[in-house]
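Next come two complexes, and both contain subunit A; in the first it sits with subunit B, in the second with subunit C.
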Partner chain A sequence: MSKLNDKIAKLFPQATEAANGIIEIEIADAQWHQAAQTLRDDEDIKMDYLVTIVGMDWTDALGCVYYLMSTKYNQIVAVTVKTSDREKPMLHSVADLWGVGCLYEREVYDFFGIIFIGNPDMRRLFLSIDWKGFPLRKDYDDDPALNPVSTENERQSDFTDTYIELPDGTVEKKEVEVFHPGDFVVNIGPQHPATHGVLRFRTAVDGETIKKIDVYMGYIHRGVEKLCESLTYPQTLHYMDRLDYFSAHNYHHGLCMVIEKAAGIEISRRAQVIRVMMDELSRIASHCLFIGTYCMDLGATTMLFYTLRVREQILDIMEKTCGARMTFNYDCIGGVMQDLAPDFVDDVKALLAVLPANIKEYNKIFTGNVIAKNRMEGVGVLSREDAISYAITGPSGRASDWACDMRKLRPYSIYSELDFEEVTATEGDSMARFKVRLREMEESAKILSQLVDNIPDGEYCVKVPKVLKLPVGHWFELVEGCRGAFGVYLESDGSTKPYRLKIAPPCLPLAGVVDHITRGSKIADLITIGGSLDYIVPDMDR
Partner chain B sequence: MQDFSIITDAIHSFLLTYLPGWLTVTVECVLIGVGLLLVYALLALFYIYYERKVCAAFQCRLGPNRVGPWGLLQSFADMFKILIKELIQLNNIDKFLFALAPYLVIIASMLAFAVLPWGNGLQIIDFNIGIFFLIAVSSIGVLGILLAGWSSNNKFTLIGALRSGAQMVSYELSVGLSVITMVCLAGTMSVGGIVDEQSDLWFIFKGHVPAIIAFIIYMIAGTAECNRGPFDLPEAESELTAGYHTEYSGIHFGFFYLAEYLNLFIVSGVASLLFLGGWMPLHIPGWEAFNHIMDFIPSVIWFLGKAFLLSFVIIWFKWTFPRLRIDQMLLLEWKYLLPIGLFNLALMTCVIVFGWHF
Partner chain C sequence: MEVTTKSMPYEAFKDNEYIEKLVEELKASGTNVIVGTLDKLINWGRSNSLWPLTFATSCCGIEFVSLGAARFDMARFGWEVARASPRQADFMMVAGTIVNRMVPVFRRLYDQLAEPKYVIACGSCAISGGPFRRSYHVAKGIEDIVPVDVFVPGCPPRPEAMIYGIMQLSRKIKVEKFFGGVNRQEKQRQFLAEHPVEGVED
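Up next is the complex of A and B:
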């Protein structure tokens, strides 16, 4: 580890180390692409995973904070790149270095108007093509008259822009076709039974074979990051359960952790245990629903009811304690909202008693079925390199043999004390993604069984000031949601509201990789692959 | 054994006493037509209820249980709902073909009803190429599906229709081959003749190994023929929303829906005709008393019972298996079912030539 620090200190003398072990570097745009290449390829640094790109408006400058992570050395580096030009801000793209870069840069372009030189696809990602202004800039004019609700069909273009730097340093804009004129393009979505939400795949097909997919997002973009900037810290929490509604607890946990770290709040052991138990319960419930809907996508409807039976039991447990069956507002700054329901322990034990038999049944009905095997094995193979490059975390990444479980890599809360295995598989196909989730349910059950008899007494929520102000600074935390690594970047200017709250969801890269792994497969495989990646649209759209 | 031809003959001679010969035939045709429509509608309603209840049982649910006792009136309510729904007029479609397609599909399945052996003496038409006629008319259905997909001017329906074309044309071969195999054993193509041949023993026992192979092939190919899971690719809802009938509404959609259920009945009916003796009760050579008792069960019940039992198996397929992919489905047909079917035909011929059957 120190070798990595030394190397970075040698290459980038301006690097500093932040509180939670993240190395921070500021690099000028002119050197950025070269530096990024070094960071990615140098044997002693190997920053091969681009966690997120945080677009920033510091009012005096626009720019990005790139969070990079080394899968080899398990170290995070935050690189800041700035430009002071507000009229036509430009930075150099890293889309050629990290597969997920293209998508992240489009998001930054959408919100901040920063153009990335060399990015092959500079369209807006979430907002409509005719949107005026860049909403996350601090000088954005949110007058509704500028962007009225359209009564017309949304304009759509088959062309995209790309900016190329010429040898003499000038930047040229070029128009590129998304599809060839003769392509037979089928719209799969936004209203489609198998896209799991309002996501749209424009699919160029040749007969039944897929040639190219263009992913359209933003149908349920709610501007959560923008909204959070006008809310106090406790209020921002309530948006987290509207992202990935199956990982509501995990996401709340993530944001609470960042705010608690920033405010220096120490929460009680009891609250920690409750939070972890809730996280794991939601993980089982989420994977149950995944198995059910995935089998339904493949045409085996009956499985849905068998998995919902278990999920129902978990939702009952949650309802008793949290008072809700969806969009739980349970974790709060300082602990959890209220104490556990009296029969929580008994209910969890009852669940743990029936779970193994159910998992066995799922395997019996579906996993061993020859049709299911033919549909899933070897379909949508994602190599380990591609999984890292496209930032495919969570069970989908682990199915490609990338040990990316944040509970193990950056243990938070009490995870370091718990005995559980990180489930990985080597095949990287849809079957592996399916099996990893099945086995993860068993691991979550293992965690629950360790905790269920050891819930310590104590207060469930510590005293937190009524008006919470965070010190000036920025923080970044990663937690493991049900679908992958969920990152929260928080920048505070010392007031009661966040200056910038960036959410790095796991599902955005999942949608970004669909085109890459479906090329050349059949239409039916798109459903198999999409289902096995298990993306949640509100999570990617935010 | 009860013989329904006594009743039909009585009606015939009763009509002849009052009417001239040509008018008698006309009146009989109208009566049969009305009766057929009624049976058709009732069977479809029964099947909808049947499948709902069966799949509910598989899925740990209750199924329809609110409308009428045990939810029996649910299908009727749904039928009336679909009857009063609007037929949505679409722009930029081939209106004539679009309207024609559901009728082609429903006519195909209704024509097949004509040759089914409903009971002893209860068959609408029994002629010497009965089973051949059945195969011929049931392949009209694919035309309707192709037209529906094509005329809707929708990419999903087009893909669904093309899938359906590939599927039906392929699997018709296997259906045909297993039918020929059994025709070899029966020595006749007349439906009545095939049933009579099984009066001592059902073909599935009589033809033992080749008959069982043909039965399995027929059940798989038959499931594919009626577009049901795991072969429901033409309307794979998670891929193509509703496949070839995405754009249809009201009773036109209802026709596709009815035809799908009736095809299920026809496939099971033909399977029971070819392998399980049609309306013929279970007879075992030498067990005279047993055979006599079996004869007391009306032949209609035998036929419907066998058909419903086989339908249950097909419904079971659907609610258990995931859907195949198009290439896997064609692979199954062309690389496995068809060669096995051809080999089985040769095997059956040997069995008959050497007299190895029971």
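Up next is the complex of A and C:
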């Protein structure tokens, strides 16, 4: 580890280390691409995983904070790149270095209007091409008259822009066609039962073979990040329920953790245990629903009824404690909202008693089925390098043999004390992604069984000031959601409201990899592959 | 006249004044015995086999999935035939937030539903924009986009609330005038006149 620190200190003398072990570097835009290449390729640094790009508007400058992580040395580096030009801000693209870079840069362009020189596809991501203004800039005019709700069809374009730097330093705009001329393009979605929400694929096909997929998002873009900027810290929490509604507890946990770290609040052991138990219960419930809907996509409708039986049992446990079936709003700053229901322990034990038999049943009905095997094995293979490059975390990444579980890599809460295995597979196909989730349910059950008899006494929520002000600074935390690493970046200017709250969801890269993973597959496999990635559209759109 | 559905007692429904008003309207319009009896027969059939369109954008959609599964089992009431194509569906359960980009798509789906068609606004996002009302990219309620028959509040509504909502719709259908009424597509024409689609000639 120190070797990496020394190397970075040698290459970038301006680097500093933040409190949570993240190395922070500010690099000028002119050197950025070269520096990024060094950070990625140097044997002693190997920052091969681009966690997220946080677009920022510091009012005097626009820019990005790149969070890079080394899978080899398990170290995070945050690189800040700024530009003071507000009229036509430009930065150099890193889309050629990390597969997920293109998508992340499009997101930053959509929200802040920063153009990335060298990005092959500089279109807006969530908003329509006629949208006026860049919503996350501080001087954005949100007058509804500028961007009215219209029932008229959105203007579409078959062209995208790319900006190329000429040898003399000037930047030239070039128009490129998204598909090749003569391509046969089929539209799938946004209203399609197999896209798991309102996601749209423009699919170029040759016969039944997929040539290219252009993913269209934004059909459920609700502007959560902007909304959070006008709310106090406790108020921002409830939006976490509505991103990935299956990982509601995990996402709450992530944001609470960031705010608690920033405010210096120490939470009680009892609250920690309750949070972890709720996280693992959500994971089981989430994977149950995944198995049900995925099998339904593949034509096995009955499975949904079997898996939802367990999910309903978990929802009952949560309902007794949290008072809701889906949007719990249970974790709060300082602990949890209310104490556990009196029969929580008995209910969890009852669940743990029936779970193994249920998992066995799922395997018996579906996993060994010859039709299922034929449709899933060898379909949508994702290699380990590509999984890292495209930032595919969670069970989908682990199915490609990338041990990316944040509970193990950056243990938070009480996870370091718990005995559980990180489930990985080497095949990287749809079957592996399916099986990893099944086995993860067993591991979650293992965690629950370790904790269920050991819930310590104590207060469930510590005293937190009614009006919570955070010191000036920024924080970044990663937690393991049900679908992958969920990152929260928080910047505070010392007031009661966040200056910038960036949510780095696991589902955005999952949708970004669809094009790469489906090339050359048959169009029927798109459903298999999309289902096995298990993305949640409101999570990627936010 | 006590309008009820699925052997539910009349008193179990909370907002009966609304249905009574509809009954009065129906009585006032008057119709002959044969047409009236045929109306009743057709409405009995229509109100008992409501086919929903599978349309969900976010959290409420997952509760709609739960509604279809064994515990809440909407098949008990004849609503389980969820259609992926709007051409075959009777009503649309708008489960989730409708954002600016989705509005034209949503409106087209509504236009594609075969008459007589109904809309249930399910959850606070569909009713008013809910927690996202102040966002720059969210439609503030779907009532400005399509006519709504039943509102089901909640965030998300429990499956029981959804069952109640669909039962209200089925009661509403029972007191409709079919011949010379809803089969004439007057509702749509009236709505289209009030809310013209820009750039589309009728």
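Assume the second predicted complex is superposed on the first by the 541 of 542 C-alpha atoms of A that agree within 3 Å, B and C clash if a C-alpha of one lies under 4 Å from a C-alpha of the other, contacts with A are read in each partner's own complex, and residues count from 1 in each chain.
Throughout what follows, a residue touches a chain if its C-beta (ideal position, glycine included) is under 8 Å from a C-beta of that chain, and two chains touch if they have at least 3 such contacts.
On a predicted model such as this, the values are computed, not experimentally measured, just so you know.
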item	value
Fit or clash - subunit C, subunit B, common subunit A	fit
Subunit B versus subunit C as contact partner of A:R309, first or second or both or neither	both
Contacts of A:I365 with subunit B and subunit C, given as first, second, both or neither	first
Touching partner for A:P135 - first (subunit B), second (subunit C), both, neither	second
First, second, both or neither for A:V186, with subunit B first and subunit C second	first
Partner chain in contact with A:N147 - subunit B first, subunit C second, else both or neither	second
Which superposed partner A:T321 touches (first subunit B, second subunit C, both, neither)	neither
Partner chain in contact with A:T518 - subunit B first, subunit C second, else both or neither	neither
Subunit B versus subunit C as contact partner of A:Q75, first or second or both or neither	neither
Superposed model, angle subtended at subunit A by subunit C and subunit B (C-alpha, nearest 10 degrees)	50
Dominant contact partner of subunit A by residue count, subunit C or subunit B	C
Lowest C-alpha to C-alpha distance for subunit C against subunit B (Å)	5
Those residues of subunit A which subunit B touches in one complex and subunit C touches in the other	192-193, 304-305, 309
Complex contact set, residues of subunit C against subunit A	54-59, 61-63, 65-66, 68-71, 84, 96-97, 99-105, 107-109, 131-132, 134-140, 144-145, 155-156, 158, 195, 197-199
Residues of subunit A touching subunit C in the complex	126-128, 135, 140, 142, 144, 147, 149-154, 190-193, 197-198, 218-224, 226-227, 230, 238-239, 241-242, 245-246, 289, 293, 304-305, 308-309, 311-312, 325-327, 537-538
Subunit B contact footprint on subunit A (complex, rising order)	184, 186-187, 192-194, 205, 208, 295-302, 304-306, 309, 365-366, 369, 371-372, 374-375, 522-527
Complex contact set, residues of subunit B against subunit A	55, 58-61, 155-156, 159, 163, 229-230, 232-233, 236-241, 319-328
